[in-house]
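The structure under discussion appears below in the form of structure tokens.
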Amino acid sequence: MKVEGQDWFYSKTVKEHFMKPKNFLNDLKEVKGFNGYGKTGNMKCGDVMEMWIKVADGRIKGCKWRTFGCASAIASTSILSEMVTEKGGMKIEDALKITGKEIMERLGGLPAVKVHCSVLGDQALREAIKDYEKKQSNKKTKQNK
Amino acid sequence: MKKPKEIYLDYSATTPVREEVLKEALPYFSEKFGNPSSFHSRGLEAKNAIESARKRIAKILNCEAEEIIFCGSGTESINLAIKGIAFRELAKGKRGHFITQKTEHEAVLKTMDWLKRIGFEITYLNVDENGLIDLGELTRSIKEDTLLVSIMYANNEVGTIQPIKEIAEICHKKNTLLHTDACQASEYLDLNVKKLGADLMTLNGSKVYSFKGTGLLYKRKEIEIEALIHGGGQESGARSGTENVPGIVALAKALEIAEWEKKKEAKRITALRDYFIKRVEKEIPKAKLNGHRTKRLPNNVNFSFEGIEGESLILYMNEEGVRLSTGSACSSKSLDPSHVLTAMGIDHGTAHGSIRFSLGKETTKKELDFVIGKLKEKVEFLRRISPVWKKGKGVRKK
Amino acid sequence: MKKPKEIYLDYSATTPVREEVLKEALPYFSEKFGNPSSFHSRGLEAKNAIESARKRIAKILNCEAEEIIFCGSGTESINLAIKGIAFRELAKGKRGHFITQKTEHEAVLKTMDWLKRIGFEITYLNVDENGLIDLGELTRSIKEDTLLVSIMYANNEVGTIQPIKEIAEICHKKNTLLHTDACQASEYLDLNVKKLGADLMTLNGSKVYSFKGTGLLYKRKEIEIEALIHGGGQESGARSGTENVPGIVALAKALEIAEWEKKKEAKRITALRDYFIKRVEKEIPKAKLNGHRTKRLPNNVNFSFEGIEGESLILYMNEEGVRLSTGSACSSKSLDPSHVLTAMGIDHGTAHGSIRFSLGKETTKKELDFVIGKLKEKVEFLRRISPVWKKGKGVRKK
Amino acid sequence: MKVEGQDWFYSKTVKEHFMKPKNFLNDLKEVKGFNGYGKTGNMKCGDVMEMWIKVADGRIKGCKWRTFGCASAIASTSILSEMVTEKGGMKIEDALKITGKEIMERLGGLPAVKVHCSVLGDQALREAIKDYEKKQSNKKTKQNK
């Protein structure tokens, strides 16, 4: 998708989420009781993302993140955290289906060189869900013992 | 503090055209508009304008007027210097060896890369952590068939000034030629080619408060080069095409003003630079100054703020009216961290967090104070949301 | 008749910048001065300006915006088109064949000459006495390894218009590409590349009442070329160097105005041209019109006045305030008669006496009347002192 | 010699002699009684010069010329015609010694590509003197017979 001849470098939505990011982690206390954590990316590529989720009744009730990266990386995690928590929270099976493309569309497009940022967002989320599921199965195993 | 309308600290990317410069060039657009090659009064008027500009610039560079080749940008001048020599050899069915170094502007590096592809041999010298080349390595690298050494005068990202005079001496002792890219140096450093010893030197308009799309190559008259752009034979055959008369007049005026104000302005800007560096180092933790502390362009400041990514910081600062770059303007197109910082051995994470503050003629202490205030605020916020930053501890190395 | 201050009839050499054009470009010198590659508002503003200019021009050429490469002159555009293809092959270790014709601008001919020196094969097609190529000869000249055919749209000296559409059809049928130099055509002829069928096309600013030192290459996006000027990767990598933002904005505006006025202005100028030709032919004996009588640029008149030498006539006319050229502006540097006239089979003596009158937007019938009067007087005097002229008989052929 | 940054393409003297050439031949009647004629150059090179001289008492008393050529060619013949006729007329032995360089100097210099014009001038003169001398020796031979 091409973003040209506009009044900013990215779409309006990216700008909003970059300038005023939603749900970023201010303090570790905020994720007390959260039950899933994921991390992705590396410094070499210039993007690192962390995501905490709180799952209850199969739905994502809370989502917090931290991002080292460019405007589109920050906006990607910000909007993703909104997507998964809005309307009472997304079911985790639906959350697992979120693609970078959907994030990008919701952001109103990204320049070609920045598309990978949106992919990183859903990767971090998936890691967090995996972590949640692992913890759950651990719990079950324990209970079953 | 009242928010200023705009603070431009990207003078190394490009400069606004000075009022006096535009004024001097303006008549050459629609009134004195002749083609310098035309054999009538309008043509003569245009020809006189460019020849007079050539002489005025020759005086600044301490060279002969005929040693100046006007062209369309710094990049073109660099390409002409390097390929001009390469193509001269190519036409004889020969190739040869070039030497450059790893923190050059893309105009040099990509030109060398391409020459490599068509069969020339290229040596890319290393730099130390300050961005300086090793003169011993240079000496050892010059071979029998070394056609040209191209080392920049001052670096556009980190401001490091290479010892051109010593480099020229080595080149000449070992019987080769030196080209230097002086695009960033022209506003503040000595451009006397005799003193510098450069055999070829590149300057451009966009960095000296003159027109974009203008540049020149100084070439010692004994040196033969092949043209990059063939045609009507303008610029003694070295660069064909109708001359950009207003652009040439503007370049002469701008270089003159720079020359007049050089000493005073370099002093003023150096003081501002050092004030800025000192305050940032004191007030922002883990801010790493990139480049040499003293062998540095008067107007260049380059910091890496650990734990954050440069683009985000630039865009936050932009929202406050502060115009900054991550370094080379071009690098914004690519995801790779700056080749300059990488060559200086700076790790990728730190390189990603680098910001260039390039000062200029309008820069004031008050502006810098405002910038520092905003910088602290934005760096702090970005570190807060950064997974790689640990308060009080800096970046976690994994 | 009162002597007018100045009559400029050298619009084919270069044009004054239009007021509207300068006005539109002016803010980009000192206010909206950003580097299009800079990642802040000033940079974005500049980038938007050039991308909008690209789109406006694409509309005129009926192509996509990304198919336009801005560069520093018509000459550079021509060099980029031809060498861009040659260098692409060179990097593969290959050479190849190019076709052009003998009355091209020096930018094409000298580029081809140089490619020949480094091992490419060049065919220079002949032209007939009107300056037209032979389509049969073209067809026969295209070979398996013909990389490109470069034929100008309209000739700068004699105004002959080549049948580009037919030429393109032949090139495509025989599986090769066509580049056309449209520098002289842009003000009066159709620039729709789809209709013309050209794969690459050169335009410049200095001939369309815009800035010197500006030009563009249209390149069909499927065609791969190597850059002539390597560096920061601007213009999609095809032409590096900080973009000449004011020059690009100016070029868009000028081409738009030309497009709007094309039909009306071509008609007006054609009428003036034909009036001028008719009167000269009637009133000055042995005045030979060079070039095609109808397949001719609306603004071009080229006469040989037997028995006299062109430079003398031009200088006498200049003293009366009339600005003329012998043809290519460049030829004033050399003693050889025009390569264009020579290629058209015109004998040296006649070629030496050729004068180009190139009309433009300010040209009026009144101006032409004055010119004809002076012309008669000066031609008569020069013939009087000419050893090769015999009154009532013309030139003595020895 | 270089001519640059001036208000005309050639020196002031060239301009004067080009704009108002001296001693050019207006009508063949003017050279009635002239006793030497020379011609040089050719159309291919863009310069042709004709010169008529009138020699009396070993001095050049009259000089007329016609030139097809550029401004410097016209000025060269014009100034040459002045040089040889001024001060009561130049002795032919001195006229034979005139070089292109002298003509050029007297003209205040010529651009490099135009130097040959001045050389053509003295060639035409030499031809005219040769012609005069031939005619003289022819006369003598006749007288001696």
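Just so it is clear, A, B, C and D label the chains in written order, and each chain counts residues from 1 on its own.
Here is the rule we go by: a contact is a pair of C-beta atoms (placed from the backbone, for glycine too) under 8 Å apart; a residue touches a chain by one contact, two chains touch by 3 or more.
Every value quoted in this text rests on a predicted model; they were computed, and no experiment measured them.
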Checklist entry - Among the other chains, which touch chain A and chain D together? => result B, C
Next on the checklist: So using the touch definition from the top, which pair is joined by more C-beta contacts, A-C or A-B?
Outcome noted: A-B
Checklist entry - How many angstrom lie between the CA centroids of chain B and chain D, rounded to a whole number? => result 58
Checklist entry - Distance-wise, how many Å sit between the C-alpha centres of chain A and chain B, to the nearest whole number? => result 41
Checklist outcome for this item: Chain-centre distance (mean CA atoms) for chain B and chain C, in whole Å, is 34
Checklist outcome for this item: Flagged in chain D as touching 2+ other chains are 9
Item to check | Multi-partner residues of chain C (each touching 2 or more other chains) | outcome: 39, 311, 315, 333
Checklist outcome for this item: Contacts from chain A onto chain B in the complex sit at residues 9, 18-19, 21, 24-26, 39, 43-50, 65-71, 73-74, 113, 116
Checklist entry - Within the complex, which stretch of chain C touches chain A? => result 39, 44, 48, 51-52, 55
Checklist entry - Hey, which residues of chain B end up touching chain C in the complex? => result 6, 8, 10, 13-19, 22, 29-31, 33-35, 37-43, 71-76, 78-79, 87, 90-91, 105-107, 110-111, 113-114, 117-118, 204, 206, 211-215, 226-234, 240-247, 311, 314-315, 317-318, 323-326, 328-330, 332-333
Next on the checklist: Considering only the defined contacts, which chain D positions touch chain B in the complex?
Outcome noted: 4-9
Item to check | Contact footprint of chain A on chain B as seen in their complex | outcome: 307-309, 311-312, 315-316, 319, 333-335, 337, 347-349, 352, 384-389
